[in-house]
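Labels for the chains are A, B, C and D, by order of writing; each one numbers its residues from 1.
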Amino acid sequence: MNAVISAIIIAVVQVVLFVFLAPLLIGVIRQVRATIEGRAGAGIWQPWRDLRKLLAKDPVRAAESSWMLRAGPVALTVSSLLLCVLLPLVGTISFLTIPSDLFVVVSVMLIGVVALALVGLDGGTAFGGMGSSRHMTVAALVEPTLLLSVYALSIPAGTSTISAIVETRLLSPEIIISPVSVLALVALSIAIMAETGRLPVDNPGTHLEVTMLHEAMTLEASGRDLAWLEVGSWLKLAALLGLVSNLAVPWGVVTDFSALGLAVGVVSIAVKVLVLGVMLSIGEIFLAKVRLFQVPELLAGSFALAFLAVTASYLVA
Amino acid sequence: MTGMEAGLLLQTEIEAGLIPQTGLEAGLLLQLGLGALAVLTALTAAPFLRSRAVGILCTLIAVTGFLTGLVAMLGGTGGLRISIALPMDPLLLAPDRLGGLFMLIVSGVGILVSLYSMSSTHGPDASRTAWVAMPVFLVGMQLVPAATDSVSFLLALEIMTLGSTVLLLADHASRATVASAGIWYSAMSQLSFFFILAGFAVLAAASGGTSFSTPQAIEPGPANVAFVLFLLGFGGKAELVPLHVWVPRVLPEAPSHVSAAMSGAMVKIGVYGGLLVCVRLLPDGPAWWGIAIMVVGGASALYGILQASVSSDLKVLLAYSTTENMGLVFLGLGASLLLRGYDATAAADAALVAALLLAVSHAAFKSTLFLGAGAIIHATGERNLDRLGGLGARMPVTAAAFGVASLGAAAIPITSGFVAEWMLLQSLIHGGRLDGAVVSVTASVAMPLAVAVIALTAGLALLTFVKAYGIAFLARPRSAEAAKAREVPPLMQLSLALGALFVLALGLLPGPIAALVGHTVSSNPSAAVQSIGLGGVSLPGIGAVLDPIMLVVLSALVAIPVIVSIIVSARGHPHRTVDLPWGGGGSRARPRMQYTATSYAEPLVRVFDDVLKPSRDVQVTHVAESRYLVERVRVEQRVSDVFETRLYRPVLNLFQRYGIVVRHVANGSIHRYLSYSFVALLIVLIVVSL
Amino acid sequence: MSLVLWIPLVGPLAFAGLGLLLRNSTLHRFVGVAASSAVLVSGLLLVSAALDGTVPSSGGGMLRADALSAYMLGVVGVVGLISTWGGLSPATPHPTEDAAGYEALIALFLAAMSLAVLADSIGLMWAAVEATTIATAFLVGHHRTRRSLEAAWKYVILGSVGVAIALLGIVLIYAASVGTDTPTLSWLLLSRSDLGLDPALITAGGALAVLGFATKAGLAPMHSWLPDAHSQAPAPVSGLMSGVLLSVALYAILRIQSITNLVIGPEFLRIMLSIGGLLSLLVAASLLIRQRDYKRMLAYSSIEHMGLMAIGVAIGPAALPSVLLYILGHGLIKATLFVISGRILSVEGTPVISDVRALLIRRPGLAVPWLIAMAAIVGFPPFSIFFSEIGIFMAGWSVGLGGVVAAALMLLLVIFAAFTRLTVQMTIGAPPEGVAFTPDYSAHGPRLPIILALATTATVAFVAEPVGTLLLQATAVLGGTN
Amino acid sequence: MFETFYPQLIGLCTGALLLTSALMVWRHSLLASIRLLALQGIALAALVAVIGIAEGESELVLVSLLILSVKGIGLPWVLAHQSKASIKQIQESPRLNPTAALLAVTLLTILSYVVVSRVFGLGDNETGHAAPIGLAMVLIGFLLLISRRRARSQLIGFLLLDNGIATIAFLTSGGVPVLLEFAVSLDVLLVVLILHVFTGRMRTKFGGTSVDQLRELHD
């Protein structure tokens, strides 16, 4: 089959799948947590219901707020959707002129980060600014870890294209459990936790303003503005979890296009993401949010791991 | 007149450059002529005509420079010969491809700045002096890349410095800080100039001529000395740490269009100098040169962006960000040098092209940003971010242009900054290995470190420009001046829009531009960079591709459903407007209670406490009745430049003290003076009798 | 053509006499201008003769104008013209005798300087240089204040002692020539390579002569008279001293160097002049850092430039064209600066830098030329000092004096920073609040000489023909082969 | 006859020169210094005359007369041109104590012997032997300039220095050309006159002639 067409099909499948999967993932995470904590929980479909509710409301906007309050959520969502297009989630077949390049992916993600931060500022309140400031600080400090860990993973493949990296790992699985890869994966996971506002960097469940990062930025958004912000963030989490899972357990990814393979791919990525979500949720039970000013220590640690991984992969290999 | 005399006259006229032989020569001559005309016009034109007339002439100068640069970049030959009275090689202005590129960059910025200043200058900015200096500055700047010998290089460089110094001082009567900025600027420029001069002197001594085109194998000894001198000299021009101290003083104090020209164009001369040295004058340098450049560049990038991110003065922020960007350019240059030493040619070429692209893109976005800052000052009189806010609605064009340029500075996709940083990162991560083998231990440590530096820099740049744009243009006005702001005049809008367009165009069509740029530094550019698809760029040597237009198309495709759903939802559920934001329930929140630029950077100041060494001053006033009740708390936090306070200040203080003590040498006593002569006489007598 | 040689000697004296005769008329104001014009015209005539390859001589070979002498005569004339013209005092209804005497002394000074550069005898040149001491002593003490008296005393004592040392050196050189067949003091004869002069005597004589003339050239450590004299003399006289006297003393050093080079090689004087040059730069840098008086500031700037020229002389033939161009550029610019400083002093009434503020706002008519000339003196292009400095530095590195040049550059940076700071203090900024003023666009004197001086320095470096040829010929006179 | 006395005569003259120089350093009275200066001028003239006779050059005899009139009579007269009563009372309080000054004189004389021996080589002719005296006079003159506070004492130092140069000139090369000698003498005379005028002005402006008062111009 023509590579371009298969790439298009896979992209469309990924987008559709993740739009469906992302709220579900959040629902699963919340439900698992509730169950473990001994609460009944709202059920795994609650995020879907929230979305429907938000979309059906009149958004309330302050007079001094600008178009950023409207455009920001869309930008965030679009950037997350682009992640779903570019990352090798269901399959590794990507567009020729726009491969899932590591740096492009990170930058696309940053578009969302910026949009969110600007939305936070646009509210014109102290909380929004505070969230935005902290969010950007964390994002800035995460970036070295993020790039270096994927850099370490890219060295065996000899390219920064993530699909190629995943394919390499699929072909020679011994790479996955090499110390370099383990170091890099741990570093990457920490970076992604920080980037997506999970514990221990941010508490997604909190509504105590002073401790909030992500939630503080969305305080002024309402109705569909809020809905798109939420969708964007959920999609990002899901896509990044998908990336981690495919790097750690690449099996099931479509490398040669076929209908069966596609079905396998869809199912495997869904399962992988949801399992990872459950693991994340369980892990979060045992974590408390660290103080904001201890976050850099955490990130410095993960940076050290990533850096070790890169140099080790040069010198060991 | 006999035929021979006529022939002789023609010969002298050609030698004197009166009759242009080629397009390049004509362009260079025209620049000089227009410059002279502009100076004359500035001197004689009536005040109400001055800005328009000289502004148009300056624009023409820049356009001529642009076209000349284009011709040179496309491989045009020829040049302008100027003879001088001293027995040296005659001055020859003949830009090569690389020179053409930089002429293009500086004159491109020149066009924006000239257009802008026609309408922005008023008061002291529009004085005769300032308008005389403007064409001098532009011509000097545009001729530096044309120089093919050290004397004409230094000549153009100093003319540029002179012009910029005068321009910088335009506002001297309104702010006392301008004078001190002027002193810093001229002293630091002179420092750089002397380093460069010494470097050229070493080269000339080693190669036997001032011309750049005498290719001779230079001994490693002089070559190393020259390299260090050049690195210091051009590093100073390019605002690299630790010679950057003038930047945060000068760029904020200069009128904004001048800051734009200085930051957007003038510092590129430092980059050009670096390239000139590493590519043309002293090619094939040892590996440690690359490392040295990378260290300086990396340190500058990190330090610059760190200072920028914690600054609340918009122009100081932009000034420090210039240091950051130039640091990245030099990082790329150093990486290229290092990689070439290991024969990783593809990666080396890519790094070099990346450095050039970064320079080009910086010229576009930083001049737009400074012009935008100028527009803000024009509209509000404020450059302190803590007193701005809500300008987006009041100055939409400025906001849009500033926003696009900010995205460029933050290296967000489809802007120019992103392409350059992407290419740099690609070359770095592919540079550690050659055909699957590790090239060297040095490279395998240097490359990841460089990637980490760039990543941290990029992250902080993101924060910086989110802060700059978000605080200035979004939310509610934090002062009455900001609330009263109005959009700037059309000509200023035009140049802002042009700048923003450049940023986008460079970001959307990197392929052709990168290929063009590649021609200027590589003999086999198609092996290094190629244009693919609709303006996409590919690095065949290392197998990386990027097509921003495809990215735009993809984004549009995924955005369509979202937008459709919004339109549908908006029909049923129109938004409601409330007077005040909710603010977590604090509905009485006044604009002053918003987050400011200072508070925005507060977490970062804490994180980098050890590097920035902020000085905090907390004054608590207690209520008279009880020590446990606080009436008011005043917190003052200042982040000063560590290099200035720890390195320059002590040295300067030492000099000042020395200057007082040494006065005793000339204490007025004739006996003492006679003793000096006597001692000199005795010493000479003793020496001759030895 | 040999008659032309007498014009610069007789002309000024004649004008001086005329001026003394016309002491009650306002015309005597123009004696200095007329005298320097005479010198300049004859200088230009001699330069054109030199370009044609003729070397006029007269007075039984006592007067001789080769390319170098002709060039120096031109410098004397043009700097003299700028100083005297720029320093023209406004016509007063009741001219004093003092004023006529003043003009006559200036004419005398110019005649003596012309004699010094035209004389083909070290002895005669020495006498002429010493004669300038006599002429300028009263010029320095012209104001008859305590300070000017002090300056004049120091000038005469230090200057005469210095020149006496030079005389000692000349005596030794003569003694060396007595040892050969032809006892002579003629440059022309002494710089013949086949003379067989005694090296020890030439070393000692050359060293002492250079040390002596270094006093007049303002080179450290013999410079001490210079700041005092320059700061107290009337502005045109300061300009003349700085632009003419120092240059002529340097010319003497050049001539002596050409003799010693033939006998003992360049090394000895190279070391001596390098040390002297660097020491001058050091002195200038040290005392400019916290300078309080703007005329002293200019004086130290002269020391600095003479130091740099001395380093150029030390470097040798490769740098000599630059040094010669430097002499012209420095002379013109320094004369301009002194003229303007005199005007500033007369309108502001204070020589103290910290008392002169915001000049650019208050008195643009003075501040703008002042700033332009300042830019020229610190070596900004297109002014010729820029090219001279570059030429000296480039040449210095190529003859292996890299260390000296590097040290000079470091000191120059300090000087530049100090100079910029002081200039900015004087000119830049706003006048204090509440002080009413109206911008004063008047130049307080003739504008044309200032414009001419600046324009000449700005363009002269680009005139390859005939300036370049002349410089090469003048260098060739000194035995340079460049 | 003359040839036998020639070395002794040269020795006598140069000895007188050195002695007067040393005495000038020792004595503090202005009047004594002026008288010593006159003596020195006469000795110098005698020296020139002796050399002139020995070499048979009539020019030199003429020069010796010139020197006698200028240095032996003219200049001392100008310096002393003030009421004798007041000049007697002028006592110099030098900056250097006499012992140290005389010690310095010895050192400087030794130095000049060393220098001259290296530069000229101590030839066998008498003039060569005597040349160091000239250099010693130059240096002693300089020492006087440095150590004396009175304006006229400085002047005397300057004249001593000048005498030293003249001595060297005559002892090493039989004098510079006559024209030049005239020019030099004229210059010296004029310098002294100028300084004398200035001394007069100094007295009216400062109320004294101590050079130490000239300390207003400094950095």
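As a working rule, a contact is a pair of C-beta atoms (placed from the backbone, for glycine too) under 8 Å apart; a residue touches a chain by one contact, two chains touch by 3 or more.
Owing to the predicted nature of the structure, the values given are computational and were not obtained by experimental measurement.
Any chain touching subunit B that also touches subunit D appears here: C. With every chain reduced to the mean of its CA atoms, the largest distance from subunit C is reached by A.
Between the interfaces B-C and A-B, more contacting C-beta pairs are found at A-B. Distances from each chain's CA mean to the overall CA mean are smallest for chain B.
Between the Cα centres of subunit B and subunit C there is a gap of 42 Å.
Centroids of subunit A and subunit B (each the mean of its C-alpha atoms) stand 36 Å apart. Note on chain placement: the centre of subunit A and the centre of subunit D lie 99 Å apart, centres being C-alpha means. Between subunit A and subunit C, the centres computed from C-alpha atoms are 77 Å apart. For subunit A, residues touching at least two other chains: there are none. Touching two or more other chains at once are residues 115, 118-119, 142, 145, 211, 214-217, 219 of subunit D. In subunit B, the residues touching two or more other chains are 663, 665-666, 668, 670, 674, 677, 681, 685, 688-689. Every pair of chains in contact is given here: A-B, B-C, B-D, C-D. In the complex of the two chains, the subunit B residues touching subunit D come out as 663, 665-671, 674-675, 677-678, 681-682, 685-686, 688-690. Contact residues on subunit B toward subunit A in their complex (touch as defined above): 309, 389-390, 392-393, 407, 410-413, 418, 421-422, 425-426, 429-430, 432-433, 436, 438, 441, 444-445, 448-449, 451-452, 454-456, 458-460, 462-463, 466-467, 469-471, 473-476, 532-533, 536, 543-547, 550-551, 554-555, 558-559, 562-563, 565-566, 569-570, 572-584, 586, 589, 591, 593-596, 599-604, 606-607.
For subunit C in complex with subunit D, the residues that touch the partner chain are 121, 123-124, 126-127, 130-131, 133-134, 137-138, 141, 144-147, 149-154, 156-157, 160-161, 164, 167-168, 170-172, 174-175, 178, 183, 185, 200-201, 203-204, 227-228, 231-232, 287, 290-292, 296.
Within the complex formed with subunit C, the residues of subunit B that make contact are 82-88, 90, 129, 150-151, 154-155, 158-159, 161-162, 169, 172-174, 176, 178-179, 182-183, 186-187, 190-191, 194, 197-198, 200-202, 204-205, 208, 210, 655-656, 658-660, 662-663, 665-666, 668, 670, 672-674, 676-677, 679-681, 684-685, 687-689. Subunit D contributes residues 115, 118-121, 138, 142, 145, 151, 154, 158, 161-162, 165, 168-169, 172-174, 176-177, 179-180, 183-184, 187, 190-191, 194-195, 198, 201-202, 205-206, 211, 214-217, 219 to its touches with subunit C in the complex.
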